[in-house]
Amino acid sequence: MDAIALFFVLGFLARLARSDLKLPAQLYEALSIYLLLAIGLKGGMELARQDPLAVLPQASAVIVLGILIPLIAFPILYKLGRFDRFNAAAIAGHYGSVSVVTFAVAVDYLIARDIPYEAYLPLFLVLLEMPGIAVGVLLARLGGNMREVRWGSLLHEIFLGKSMVLLAGGLLIGWAAGPDGLKPLQPFFFDLFKGALCLFLLEMGLVAAGQAGALRSSGLFLAGFALGMPVVSALLGIVLGAAIGLSAGGTLLLATLAASASYIAAPAAMRIAVPEANPGLSITAALVITFPFNLLLGIPLYHRLVSLIHGG
Amino acid sequence: MPNTHPCKLVVLITERALEEKLSRDVMRLGAHGYTVADVRGRGSHGDRSGTWDADRSIRMEILCDVSTAVTITTHVEATYFRHYAMVAFVADVGVLRPEKFAG
Amino acid sequence: MPNTHPCKLVVLITERALEEKLSRDVMRLGAHGYTVADVRGRGSHGDRSGTWDADRSIRMEILCDVSTAVTITTHVEATYFRHYAMVAFVADVGVLRPEKFAG
Amino acid sequence: MPNTHPCKLVVLITERALEEKLSRDVMRLGAHGYTVADVRGRGSHGDRSGTWDADRSIRMEILCDVSTAVTITTHVEATYFRHYAMVAFVADVGVLRPEKFAG
Amino acid sequence: MDAIALFFVLGFLARLARSDLKLPAQLYEALSIYLLLAIGLKGGMELARQDPLAVLPQASAVIVLGILIPLIAFPILYKLGRFDRFNAAAIAGHYGSVSVVTFAVAVDYLIARDIPYEAYLPLFLVLLEMPGIAVGVLLARLGGNMREVRWGSLLHEIFLGKSMVLLAGGLLIGWAAGPDGLKPLQPFFFDLFKGALCLFLLEMGLVAAGQAGALRSSGLFLAGFALGMPVVSALLGIVLGAAIGLSAGGTLLLATLAASASYIAAPAAMRIAVPEANPGLSITAALVITFPFNLLLGIPLYHRLVSLIHGG
Amino acid sequence: MDAIALFFVLGFLARLARSDLKLPAQLYEALSIYLLLAIGLKGGMELARQDPLAVLPQASAVIVLGILIPLIAFPILYKLGRFDRFNAAAIAGHYGSVSVVTFAVAVDYLIARDIPYEAYLPLFLVLLEMPGIAVGVLLARLGGNMREVRWGSLLHEIFLGKSMVLLAGGLLIGWAAGPDGLKPLQPFFFDLFKGALCLFLLEMGLVAAGQAGALRSSGLFLAGFALGMPVVSALLGIVLGAAIGLSAGGTLLLATLAASASYIAAPAAMRIAVPEANPGLSITAALVITFPFNLLLGIPLYHRLVSLIHGG
């Protein structure tokens, strides 16, 4: 197993065994700020290397994907899973958005295997962060009084939430500074990236195991959803990746983005925009099941599926 | 005590996600200030151990006169109690410089 | 205040090393929740300035009814006061949603 | 409560820059200890959101007898209220081990 | 624009747009400890490369500069600006002292342009930190009861304040350990420096924008002072740099030190020594106006001015 | 003097001079997590390079050493020093366990002098962390009601305490990932190690000076013990190192481990398992005296002693 995933496992087991290991809260915050900025910078730097307009059609297609996924997830949860409208919509929103750390692990997976990918993929990460959340909120309010949606504060929450600001801000700085301007930042933002990711995954392991108790109360249907939905989304991502002409590596990353569920930006936005939803449900699904599933099984699986198309 | 004046202390313990909203609310409802501390804890919504975003709690305290205390507690009861982890209590204290907290 | 109900607030200030034990204790003794903050301070055990593990303190507060308050304070007095840096006090407060804290 | 004894709880909320001075002051004025927490807040001196040095606040609480409580509050009122962001209040609480806080 | 300055802009805009982005308080503290130590170490290492006695005359001249600047600033603020004695003195003290981060940005400016400078310049940074603050306190107490000044605790505050201990301590350790002894510390203290500086500037942008509201209440005069005083001080620095025979690069750094205003050491010292002064005024001037002015316009301007003398 | 030790001295002097320098509490925690993980990873990586079974006999001998040291220390403290059973046992337990930072400094001492050592020595660090603590608890309860010992929670505290989880977890991950798997983690976990150690030692200097006041009340006997016991233990370590065929470098590390006293894991475990003991006594001895003694004088002294055997 990859060293990165082992840190998640260490955290998970330590918490299950009731160790008192705990990362300081502000270290967790500092690491997440660092990871978001670093991913943004890297993507922006690569974007500076090419014509941004050329990416425009691809980018639009990717946004459509982000809208589609929650629209598929919602009826499954609402009709089949018999969740109420609020919970179904909130969970769907989490799966429409993306997990930054899952993306980073997939990038690492490609690098370790020397598989090339379109270096501007972090742009898609930025683009996919928001639409899913917005669709989730809309679904929660549909039928109810749509005027109750405070659009101003919702858009604010989504576009100016800290993960968006750091990702998009990093992207813009990286793009403006370009590869040469970022060179002196390389030791800090790029060389340390993987080590910082390990520490973060240690913490995510601790958190996931701490939430694992909620599994029992959340029911079997949700567990099934949290395992099945990523595969469905990954397939959509693969089809789209092929359609817009991404390389095998780029397609795997897009599939992973589609498959991943947000557990940083989405919970924060949903808590304010859809307070009626029980946050325990979304977090259990996204963090306790889908996240480790993608990390340990999903990415290799999607790789296989991509290979069916691209050969290799 | 001779140099203090009766005042209410309203304490709200709730999710960190509400901090900005609550701050605006209490000022709008007549408070002249508030103090916030980061805390962790446990209650009817289970363990909130404060190690990551969704899990963090705050403890906000507001010194104010009786009527503002009633307004604030009534407001949070109506607005947040149903859907958020929240506890509220009120204590009688004596403040120095009472003019800072009244009216 | 019309919308609050009398309740006890037990506050324990002690070494961080006791946090897990105390949390289990108070829940076992009938509390329905607790809130913990990191603090530093000074007392009969000297300076506890909180810069490293052995030096850190916590402040735990528990809202509960009188009988639970008596049980908890009696328990910590018997179990921890002798060997640990600890201070305990109780205040009368008024809570909203009293059913969360009683019984 | 049968096992507690009346005591004053003095609470000072003020700028972190004063922490060392206040600690020395309260001990000199007869307190036997104090507890400090990092907080943020808002008051007549505006927003003190605690993100950088000049902006940080502390909340100090001191358990003591009435006369020390009067001495401390009178002292801070005379010394700090004019030029520093500061709020002070006093509550009645019941302590265990009263001998720790009196005299 | 330089990547470093862009991080400041990102923070500034994020806060203006009311984003919830916030750096953890302890990360801010950790970064400032790191930056101070690293600058001290670097300066000490370079000092070890040469005869310390040779720098003595230059060093004395630099201290005189630190005393001079607040003596110029005070009457401007007191007479022209009609600030009361306490506020005029406190603000003057901030401008007599220096901003470590502005210095670091200027060093980066030189490196990016391959302009050489006397590597022991951080020593001047250390020397300039204190005198301005002491003069500010003296000015506040002049006329009043001088016996009221608690000299013991003031000197303590100045010489044993944390920024002084870290800068001077780093300098001494760097000097004692020398280039060879510091080699294993290079990845941590030197390679990461610029990245850490970026994060710190992100935070300073957030803080500066948070304080920007105070601009309105502080009046136009103060804004003018915060723009004009740095230029005056920079000119003094340039003249002095030429007089003591510094290279063009060294002169630019000295000018930047003179132009910069302290917003870490001075506010802490003034709060205790001159409580009558309103800290909002000094901080608005030093952090909200002078700091970004130096960062974005001042340093290039001083560079031009230096070039007039040194050619180039 | 070595740069590393100078950071300890800087912290110590700053606190003695009553500077307000303070490292944020969560930085201290973050650094200790980092150091423990890094040491574990490094040891595990080296372990992966060889046959683990070959180390088994040596490992068993090392555990015996960890049991022996507190058994020697206890009667000295109890009979000669007239400490009560609880305090004698608790202090003995601290000296049976080890100091991770002292170990790291000794490794650095060897690297700076190009002295080779068995790279799997961190394994011994892991093995020595626990037995001494367990023996200390046993000694405290002997004669008393042994049934009072809550073995379950004691073993839990020892094996699942955070320093154990991080060290052993790092070791296992390093071993599983091997040198190739850890390569991308090198910049974070290995290159930064020494710098992070410097910051940690700065903090330990601050803490040690803060505790120095307790020296007066703890009595002369304890001071003597804290200076003499490390030398006795180091001699045992040297004899054992020679007996199990370690190189000169490896023997020095084993001697240093034996000589060092725990001030992270042991205080935490003792506080829960032997609350009757006054933690001030153990910490004064282990941190205020033994730690700097080893750092500044002990390691060079043990090096001399090792050279007597190994020549050189």
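Labels for the chains are A, B, C, D, E and F, by order of writing; each one numbers its residues from 1.
Basically, contacts are C-beta pairs under 8 Å (C-beta built on N, C-alpha and C of every residue); 3 or more make two chains touch, one makes a residue touch a chain.
Please read all numbers here as calculations on a predicted model, not as lab measurements.
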Message: Considering only chains that satisfy the touch condition with chain A, which of them also satisfy it with chain F?
response: E
Query: Going by the stated contact rule, which chains contact chain D and chain E alike?
result: none
Query: Which chain maximises the distance between its CA centroid and that of chain F?
result: B
- prompt: Compared with chain A, which chain's mean CA position is the farthest off?
  reply: D
Query: chain F and chain E are one sequence twice: same or different residues at the contact, by the over-half rule?
result: different
Field: Distance between the centres, which are taken as Cα means, of chain F and chain D, whole angstrom
entry: 40
- prompt: Just how far, in Å, is the C-alpha centre of chain D from the one of chain B?
  reply: 19
- line: So chain C residues touching two or more other chains come to 37-38, 91
Shared interface positions of chain F, touching two or more other chains: 20, 22-26, 187, 192
Message: Following the definition at the start, I'd like every touching pair of chains, please.
response: A-B, A-E, A-F, B-C, B-D, C-D, C-F, D-E, E-F
Message: With touch defined as at the start, can you tell me which chain C residues reach chain D in the complex?
response: 8, 11, 13, 37-44, 57, 59, 66, 69-70, 73-74, 77, 81, 87-91
- line: Per the touch rule, the chain E residues reaching chain A in their complex are 1-3, 6-7, 10, 14, 17-27, 108, 111-112, 187, 191-192, 194-196, 198-199
Task: Using the touch definition up top, name the residues of chain C that touch chain F in the complex.
output: 15, 17, 21, 38, 46-47, 49-56, 80, 83-84
Statement: The answer for chain D against chain C in the complex is residues 1-4, 7, 9, 23, 27, 32-38, 63, 91-97, 100
Message: Residue numbers of chain E touching chain F in their complex, please.
response: 24-26, 29-30, 33-34, 37, 156, 160-162, 165-166, 169, 172-173, 176-177, 181-182, 184-185, 187-189, 192
